[in-house]
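Right, I'll just put the structure down here and ask away after.
When the chains are written out, they are named A, B, C and D in that same order, and each has its own residue count from 1.
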Amino acid sequence: MTIKISQNFDSGAIEVLRADSAATIELNLRQDNSADIRQWFHFRLQGARGQACTMKFLNAGTATYAKGYEDYQARASYDGENWFQVPTSFDGQVMTIHHTPDLDSVYYAYFEPYSFERHLRLLGEVAENPVARVLDLGNTVDGRDMNLVVVGDPKAEKKIWFIARQHPGESMAEWFIEGMIDALLDDANPIARKLLQRCVFYVVPNMNPDGSVRGNLRTNAAGANLNREWMTPTAERSPEVLVVKQKMHETGIDMFFDIHGDEALPYNFVAGNEMLENFSEARRAAQQDFIDRYKQASPDFQDKYGYAASKYKEDMLTLASKYVGHHFGCLSLTLEMPFKDNADLPDPHVGWNGARSKALGAAILQPILLSLD
Amino acid sequence: MTIKISQNFDSGAIEVLRADSAATIELNLRQDNSADIRQWFHFRLQGARGQACTMKFLNAGTATYAKGYEDYQARASYDGENWFQVPTSFDGQVMTIHHTPDLDSVYYAYFEPYSFERHLRLLGEVAENPVARVLDLGNTVDGRDMNLVVVGDPKAEKKIWFIARQHPGESMAEWFIEGMIDALLDDANPIARKLLQRCVFYVVPNMNPDGSVRGNLRTNAAGANLNREWMTPTAERSPEVLVVKQKMHETGIDMFFDIHGDEALPYNFVAGNEMLENFSEARRAAQQDFIDRYKQASPDFQDKYGYAASKYKEDMLTLASKYVGHHFGCLSLTLEMPFKDNADLPDPHVGWNGARSKALGAAILQPILLSLD
Amino acid sequence: MTIKISQNFDSGAIEVLRADSAATIELNLRQDNSADIRQWFHFRLQGARGQACTMKFLNAGTATYAKGYEDYQARASYDGENWFQVPTSFDGQVMTIHHTPDLDSVYYAYFEPYSFERHLRLLGEVAENPVARVLDLGNTVDGRDMNLVVVGDPKAEKKIWFIARQHPGESMAEWFIEGMIDALLDDANPIARKLLQRCVFYVVPNMNPDGSVRGNLRTNAAGANLNREWMTPTAERSPEVLVVKQKMHETGIDMFFDIHGDEALPYNFVAGNEMLENFSEARRAAQQDFIDRYKQASPDFQDKYGYAASKYKEDMLTLASKYVGHHFGCLSLTLEMPFKDNADLPDPHVGWNGARSKALGAAILQPILLSLD
Amino acid sequence: MTIKISQNFDSGAIEVLRADSAATIELNLRQDNSADIRQWFHFRLQGARGQACTMKFLNAGTATYAKGYEDYQARASYDGENWFQVPTSFDGQVMTIHHTPDLDSVYYAYFEPYSFERHLRLLGEVAENPVARVLDLGNTVDGRDMNLVVVGDPKAEKKIWFIARQHPGESMAEWFIEGMIDALLDDANPIARKLLQRCVFYVVPNMNPDGSVRGNLRTNAAGANLNREWMTPTAERSPEVLVVKQKMHETGIDMFFDIHGDEALPYNFVAGNEMLENFSEARRAAQQDFIDRYKQASPDFQDKYGYAASKYKEDMLTLASKYVGHHFGCLSLTLEMPFKDNADLPDPHVGWNGARSKALGAAILQPILLSLD
């Protein structure tokens, strides 16, 4: 069997320049389907069992977040279920994976993928729980369903909103949501049971299913960065935001979380609302309280490293968490997880991954409960 | 929430004419992507929880196998995992599903689907077994991988070949293969252990991944009915057959099974090689012995009902099992399972389904072992 | 089939006075094997499918903790895996269970049992984890193994000790331990990973296997209440304490937790070291900090209701947590869970149970981590 | 940690003569509790991680079936779930296990145990299936429940009876039953579905729970070999047989299977009714047909090796299968599985084991169906 690289499956993305021998595989990162963004990759290598493979990503230096490849280890899996890190280097221009696969077929990805089929299974399981509903809000550009999970009684006092994966390549965001929902539906979880006495949760597990299936990093099928569309979403360019924004205004919001991944920083952190004009001292204190409580709930979370408060000054109300913080005057956070590992608590074998993202998602229920009043 | 019908997922296929109320849903069967074939359907209904739905397939009477809808019950599932039958009628023109969903979201399909993601997971699990390999043979029209599972030692005396799902809507065929492979890899299965002392199994779990993902019934992405391509497959029109045929001639074949579903007959049966010129009395006896042994191994299998031997007289060598029987002079069978139920042993709750197809697949190892010499 | 009540299985305990008809079943609580203690029950009822059963415990009023039956619901299970509450009343003399079993065979118990076989399976799983060891400390009175689970590096800075089930009928204590150990061995749990950087955990999942198998509430096979043996344990009467105490002095202790169930109070709480002479203000503050942190980690934990500090004044150094607090000068707590439900967060279907005890066990890692210095 | 050998758990049985060092462990086989039978062993070794252990069974040469240790490999497990073979030798006097355990705690047994707790869980699961019942027939000598599983409609035309584990150390017999019942309750198994159209199954999964828990090889708590009690069972000595025999006469029997293990022969086989006076030619043919069909259903089954027909001439009606064959005039077989491996299809890693016994149990449904008329 000769060497072969393929990508025609959920979130597959790569360009093959050369794959005639294991030692000299040359690849290019592929663009998002309608936008000049290059970063995500996911491909299958066959025919290299027991051969020392050198896979060079020749255009890595011109990727959207080239710094994301510094001190980064690519992820690999033989079965698509168990993912691990493989030795990866980056010289500023070329990223190289060095790996000798044990089996005939192996997958490599920028991060542990979360497929659309897993997304639909998650919705299916949730829907069968008597305290949950799965609602439809409308369609994506490609005609996929925009689903909203509702956990708890819509008449509850507090409305907690989660959205995830506006940037579809940030698959850790949907792992986080799966962990959060599992915890919320666990009959033996006292934090969840307390929360559901007073709160209803509105959760969009995947804001960008089209981009997820297509293997985009950052944009939807129309090329829109959804997290710049919150001021004036349109049915043509950003229907995903349009329908969710409408539902938010229908329900109201008491706390909001927008779940993301960050290419460069090897930490879990949140970006808050400091840059908003209506950000009072009371809100600042509440925001900091939430952060402090989350740190206690999970040592994987920290606030030493993060974004400068000024980062999004210019276009800030086009971002989900700024828009929500501005309009609803509530706690509103963008949560970022690393594509790299968490440098505070590294796991050389797997790096930051799906299971750890799920644990961080489950842990967020505690600071929510403690911050309710 | 208003009623909504969607189909943008693995093997989704439907045309919606009208869905303004649960009582008056009107649908059309959709064509295979490049061929005038209408039969398979798979869609998701949302927003009808607790409402008595009437779903009319207006063009069912002009479907490719309209008789397939006589005495047929559609399949439904809330989670995509557990499928059951729902009341379905057909008046010769219009097929109608009557169902009151318990939940917000429900799937309907012509038969329990077997997704491409499950296909890839099956390959992943198999590959991790030390007695199995997963090889790549080439690409489909859409650029998906044509994978071959090899179980056992290629130097073994007997080469047993299985292919499945030339007709992609016949998803029962891949369930059958999953059951057969699971049995073959079961350390506690004495039939499998005996077989692997003398045989190597070459298995193509899905001959037509493109058509499977696209929701076609019968053709590949180029519109080819792969089971009419075995004389002169081409890289443009039927690369799936081309690469498998090449591999077959490389390995040789001692027994061959092509796994299918039949729209009309409510039975499990095989079609043999009676129409071949070189079909000797010895081969006829061997074929009948195999059939008799399979009947003993599984009461779901029978030979009272089936195809007339003359059915494929004209173009017979374009069919896989006739081609193989002609060229390799070996036992070569097309196995058909029902889209309906097995009328000999009906299960009103689930009909013929994935689990029963798997059991029939596991059971075939017994007649293979008993027919080895 | 006539009605039959039996008890010859792990932790079975009941005396049958009369079982000739479902409506008039009369029982007595059975004594611990060598001590005048009556409280635990666990039996199997057969032959009453579909019959309204009235099961009277005639001597409940003279039980060791008769108040334990006030506002208490007995637990039942058809398969020994899934347990639920059944209507139970107590008039001060007689406790009565009213239940119509759906199946031929049903178990009733004072609390969801944790069998010796599950205990051995837990040890078996733990032993296969590379960061854990399963050591043997010696023998019980009946000759069972006294096993110690060690998680982490024995050379670690902090030694955290857990013991559970000195009182064998308090099966929730071993469920708690199972939950704590599962969390500690979860690679994706950041609290566990942080803890294992600095701590080693010494855990005795079951201090009293003999009493557990025999269906005792409170004593070992020799009739000893192990939690009154810590001053002068002997090889004859309390070898279980003797060997554990020796190991404690060998390793040293930085934090200690003794896990129990309480028959009367419908709450989770701890009893501390206030009564000890060497209990400094600093230790009082540390103890309260721990309690406050545990409340944040689990809303199932509280400190409003509990034991008066004076409760064990007399014989206090005979108790494990007082003994340890006195000798090692460290945080040392007795943790109590309810046999009833947690009145702060009741679950009428299952009451306090194994799964919730496991969750409380998993949650204790957080206050331990936050209290390390 | 010093070396320690213990046995106080389900089916534990050993005598320790010397265990001061790994290299010189000396043991004796222990007697059945009330009979002069020595063969079964099951013990736990602790404290020998990484040490080359030599375990000598000094009295193996005087065991009841000393030949059972020729060409025999002992079974071992670290977790009580996964069992494997370890190097074992026998010189006619002393049997020696040579093994270097990887972990602190390891179990050794004569054969993969089937515990009483697993027995109760099996009953619990079966009872929850709507086509099954779990009935109580009475008590063992020690007061355990004698349970009968009934699958199918008691009014069905054919009554098929299974009993297992009259000899309690033959744990493979209950694994066999578990496999047979699982198959019978599998909705996707066409043989089971066919059978339940015409048959009711009466199954005693364990004829001798007392001996099983006590770690006896061959006798009940009173010292009786139950398979010599079928002529005149008594409430004192053999209540287990008494109650089952009564139920058999109440239901009638059309086919009967008594499931056993054989210490010496490395094969699966049956012993039939040739020695009975009323054994007609028709019955002989039916018996041989059944055997031939079973061979086709499972290559683990054979009839080349087995017992001479005259083996039990003297006391034959005291044996279950002879008694039943004589009184009910039906097919009545004693089925034997090996303690060694199946020499026809050896698996050096695990030998004959629980999983393979289950497969043989599942496979028996096919010859039963084919032999119905």
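Couple of notes before you dig in:
Here is the rule we go by: a contact is a pair of C-beta atoms (placed from the backbone, for glycine too) under 8 Å apart; a residue touches a chain by one contact, two chains touch by 3 or more.
In UniProt terms the chains read A, B, C, D = Carboxypeptidase family protein.
This structure is a prediction, so every number in the text was calculated from the model and none was measured.
Chain geometry summary: the mean Cα position of chain C and that of chain D are 36 Å apart.
One inter-chain figure worth recording: chain B and chain D are separated by 41 Å, centre to centre, where each centre is the mean of the chain's CA atoms. Computed from the mean C-alpha positions, the centre of chain B lies at a distance of 54 Å from the centre of chain C. Residues of chain B in contact with at least two other chains: none. In terms of inter-chain touching, the protein chains here make up one closed cycle, each touching precisely two others. Listed by label, the pairs of touching chains are A-B, A-C, B-D, C-D.
By the touch rule above, chain B contacts chain D in their complex via residues 186-191, 193-194, 293, 296-300, 345, 347, 350, 353, 355-356, 358-360, 366, 369-370. Within the complex formed with chain A, the chain B residues making contact are 1, 4, 6, 8-10, 44, 46-47, 77-81, 103-105, 115-117, 120-121, 123-125, 127-128, 133-136, 139, 142-145, 147.
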